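Letters A, B, C, D, E, F, G and H mark the chains as written, and numbering starts fresh at 1 in each.
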C-alpha cells in the first residue's frame, strides 16, 4: 500500500496533527511524519515533495499556521494530491491559515480541510487510497457505521432522559 | 479509467464550473455532470452519492454557493473523495460558501479548493486518479512544465520590455 | 398541542441546547429531543424530517456547529418551519455555523437565531404555535412583562446606588 | 386566513422585498406592505407591532439594511413571529445588517433569513401559517415538487449536452 | 451643568460601563445611570429619550451588546447627541455590537466609540458639554497633560532600564 | 454660533463628504472645509486642531479612508469633539477605515459614524451645537418630522398600490 | 546603487504593479522586473532569491494575489529585505492575499504594504536604500514636500470654493 | 552602526515587544526603546521621528494596538523605513491594529509584520542595516542555518519516534 506523508511546519503543531497519525494507524495505513518548514527549511521541504511519488507516497498531508505556505509549497513540487490542514494560532482564530491554504491559484490545488481538522485530513488521504483499494473502502464504510452507531447511542441516551 | 462526477447545486453555477469540464477533457478523463441540489433534490443527490462508487466514479466534485451543503451531503453518503468548490454569489464574496464547505465536522472530510476554483477541483480529481495511474501522472507533470513555460515566456516579454 | 422537535448534530452541543428544553418546559410546550447528524446519520435525520408533520410536530429546532448543515437538511425534507441555532465551536467564534445556517438558497428557508441562541429558538417555536393558540400567546405576553419587570428591578437597584 | 405584514425600513429596499409580495401572492396568502422605519418613524412602527395580532396578522416580515433594527423593534412589541431580512447596502456586503438582525438578545427572537432573502422570508411566513392549515401545507409540498422538477429538468439538459 | 445619561441594555454590562461613571465623577459632571433595554423595556427606553432634553440631560451614553439597538433607539427619540458603546459578548468579539451601533441610516447619527470603550464615551460626553463650558475644557486639557506625563514617566523608566 | 470644521484626508473623498456641507448649509450652521492629511501634511493638520477651539470651532469632522488616522490625529491635538467618517476605498469595503477610526485607545475618543456617513456626521455636529442652542434643537426636531413625513408618504404610496 | 527586484506571481498583476516601476524610475533607482510564481516556477523563483544579493539587489518587492506565497518564498531564500504587495483578486477583496503575506512565522519577515500598494512598496524599497544614501534621502524629503504642496493646493482650491 | 528605534504606544505592549529587544541584542545591533503614543504624546512622537535620522537611527519599529496610528505617525515625519507591529488587544484579535497599520495611503509606507510579530520586526530592521553591512548579513545567514538545524533536529526526534 502507498504511504501517507504527514508534514508540519513546526513541532508545536504536533498536538493538533497527532490525530492524523492515530487515524491512519487505526486504518492500518502506513505513514511517515516530518517537521519541515516552507520557510525555515525550504530545501528539505522541496526535496521531500519532489521525491514523494517515487518514494512510495500516495498523498501528502501538510499542516501549518499563520501565513501557511507548507501545503502550497508541497503542491508546487509534486503532482500527488496534497491535503492542507490550516492550524489555528494565537491570533485571528485560524482564518489566516485557512485562506493561505485554500485560496491557491489555478494549476496548483490543495485539498483543504477544516481548521485544525487533522482527523479529516487523514480520512481524506485514506479515501484517496481507497479509490482503488476495495478493502480500505470497506474499512471506511465500517467506520461510518460505527460513527453512526455512536451518534444513535447518544441519541438513545438523551431521548431516554428527556423525552417523556 | 474511473469517471469523475461534477455536480452543481444550480445551473447558474455552470459558467464557473465549466472550467472543470474543459480541464478534465484536456486530460482525457471521463466525467459526468449533474445539477443536483442538496436542498431542492435531496433524494437524487443522496442516491447519486450512495451509488457513485459502484457506478464507476473515482471522485465527486460538488460546487455550490451561499450555505453550500452539496459537497457535505455527498460526503455523508459515499466514502469516495469529495471535492468542494465554494461558489461566490451576490453577497459576502464567497466567504459563506467557503466556510460552509470547508468547516466539516470530524469523520466527514470535504477536499475544499479556492472560491470559484473549478480548474483546481478538476486537477485535484485527476491527481487522485493519478495516484495509481502513471500515464495520467505523466500528463500532470507535462502540464506543469507547460504552465511553467508560459510563466517564463511572460517573464521574458516583461523583462525584455522593462529591464534595461 | 403540537410538539416541538429539538435536534442537535452532536451531544457535545447539549450544554448550549439545554436552554431550549427548559424554556419549552416553562411554557408547558411538549417537545422531543434527538441527536441526529446531517453527515453521520443522514438517513435518520432525513426520516425524522419527512415524518415530522404527521408525527405531530409543529416546528423543528436544529442546532449544529462548524459547517452546520443540520437545519438545512431538515428544511429540505419538511415544509414545517425549521429554526436553526448556529453553535460556536473551537474556531471562528461561530461565524462558520452562522453563515452555514442562515445563507440558505431560495426555496428553503431556515429561521436562524443568534449564535448559541437556544432560548430564543425555543421562544420562536412557541411564537409559531401561539399564532393560533391564544392561551400560549397570553403566556408569552406574561413572560414579556416578567422580563421587563426584571430589567426595571435591576434599573431600580442601580439607580438607587449610583444616582444621587 | 391570517395576513402577513411586510415592512421595510426604506422604500429603496422595495426591489429586493418585492419577491416576498409575489411569493405570498402565488400562494394566495393575504398580506399588507408598509414602509416604517425603526428610527425615522418609531411611533408608527411600534404601533403597528403592538396591534398586529388583533389586526389579524399571523407573522411580520421586516426588511432593513445597515444597523438593521426594524425586525428587532417589531419583536420587542409583539409576540407574533417576526422574520428579519437583512438587506445588503453600499458597504460591508450585508454583514452589518445580518449581524444587527440575527444577534438578538435572549427573550426576543427574530427569525432571520439570508441576506436579501425575501423569497425565503415569505416562504417561512407561509410555513408558519401552514402549521395549522393543511391546504397551505399541501401547496408548499406541491411547490417543492415543482422546484425539484425544475432542477431535474436543468440536470437533464446539462447531462444531455455534456454527458456522452 | 447639564447631566449625562448612562444607559445599558443589561446590568451584566455594568462592569464595562462602570468606567464611564468613574470618569464623569472625576470631572465633576453629574450623571444618571439606568438599565433600559431597547427590546425588553421599549416603552421606558423611549420615554427616557423623549424627555431627556427637558429633564436636563446634555447627552446620552448607551451601551449594549450583540444586535445592539439601544443607542439607535435613543437616537430615534431625541435630538440630543447619543453616544454608543458596543459591548463585546460571548461570540464574535464585539463585531456584531460595533456594526449594529455604528452603521446607522442617514438622519439618525450615533456617535460610536471603541468596543467596550466606556471611558472614551464619558470623555466624549464631557467634550460635548465643554464646547460651551470653558472650565470643563480646562479640566480636559489638564487631564491630557496628566495622561501625557504618565506616558513619559513610563518612557523614562523603560529608557532607563534598556537604553545604554 | 460656533463653526464646524470639515476635514478630509484627500480631495478624492469630496464626493462623499459633500453631503456634510449641504447638511450644515441646510441648517444654517457655518463651517470651514479643508484638505489636510494626517500623513502628508501632519503639521498643518496638527496646527488646525491645536487652534480650532480658539478659532471659533465647536466640533471637527474628519473623513479618511484606509488606515484612517485623520480623526485620531485631530483628537490628539484638541479637546473639542471630533467626529470621524470612515471612507470606503477600493479594497475591504471600508472595514479598514472603520476600525482605524473607531477603535481609539482610552483617553482619546473619536465619535465615529457609519462608513461614508457624511450626512450623519454633520447632523451629529449640529446636535452637539444644539445642546445649548434651543433654536437649532428646534430645527432638528422639525427635520425629524419632515423625515418621518417623507417615510409615511412613501408608505402611503406603496400601501395604495399593493394593499387591497 | 543597488538594484530593486520587482517580482509578480502572474503577469495579470502588472497593471497594479506598474506603479512600482514608475515610482522607482522617478527616483532614478535601477530595478529589474520578473514574472515568477512561487507555485508554477518554484525553481526560478528560488534561484532568483538565492542569488539576489550577489547579483546586486538591495531589496525584493514581491506581488501576488489569493494564497500569496511569493513574498514568503523569497524571504525563505534570501536575507535581503523582502517587501510584499498583497494583490486584490476576484474574491475576498484582497484579505486572503494580505493575511497570506503579512502573517509570516517567526524568523522570516515580509515587509507588507497595503493591498495593491505598489507605489508604497517602491517607496519603502527606496527608503531602505536611502538609509545609507544621503542623496536618495534628499530626494525622498523633496518628494514629501511636493506631496504636501499638492495636498495644500487641493486644500486652497476647496477652501476658496466653499469657505465664505 | 546605525541604531534601531523601538517605540511602543503603551508600556502594556512591552511583554510582546520585548522579543524585538532580545533579537537586536543577539545580533549586536544597538537600539533605543521608548514609550510614545501617537495620541497621548503626539509632540514627543513627532519630534522623535523628525530627528531620528540625524540622531543616528537606521530604522524605526513602532508597535501599537487597536486603532494603531503610531507607525503611521512615525512614517509621516521621517523618510527612514518604519516597521509596524500590530498588537493584539482585548477585542477583534488584532485585526483592527493590522488594518490600521498596513493600509497606509500612497506616499507613506509602513513595513508591516505579523500581529504581535516583534521578532520579525527586529529581523527586518537588521536586514535593512545588512543591505550594506556584509558582516551583519553573514550573521543573518548563520541564524538561518541555526534555525533550519533546529527544525531538522525536531524532525529527527519526531521521525525517530513515529516513523517505523
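Please note the rule applied: a contact is a pair of C-beta atoms (placed from the backbone, for glycine too) under 8 Å apart; a residue touches a chain by one contact, two chains touch by 3 or more.
Chain-to-protein mapping (UniProt): A, B, C, D, E, F, G, H = N5-carboxyaminoimidazole ribonucleotide mutase.
Computed from a predicted model, the values in this text were never measured in an experiment.
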Note: of the two pairs D-F and A-B, more contacts are counted for A-B
What whole-number Å value describes the gap between the mean CA coordinates of chain E and chain G?
41
Centroid spacing, where centroids are CA-atom means, of chain B and chain F in whole angstrom:
48
Quick one: report the Å distance separating chain B from chain C, using the average Cα coordinate of each chain.
35
Could you list the positions in chain E whose residues touch two or more of the other chains?
10, 37, 40, 66-67, 91-93, 95, 102-105, 107-108, 110, 114-115, 144, 147
Can you list every touching chain pair?
A-B, A-C, A-G, A-H, B-C, B-D, B-G, C-D, C-E, D-E, D-F, E-F, E-H, F-G, F-H, G-H
Chain C contacts chain B in the complex at 9-10, 37-40, 42, 46, 65-67, 69, 72-73, 75-77, 91-92, 95-96, 99-105, 107-108, 110
Within their complex, state which residues of chain D touch chain F.
10-11, 14, 21, 30-37, 40-41, 44, 66-67, 90-93
Quick check on the complex: what are the chain D residues that touch chain B?
88, 93-95, 114-116, 144, 147-148, 151-152, 154-155, 157-159, 162-164
Contact residues on chain C for chain D in the complex?
2, 53, 58-59, 79-81, 83, 98, 102-115, 117, 119-121, 123-124, 127-132, 137, 140-141, 143-144, 147
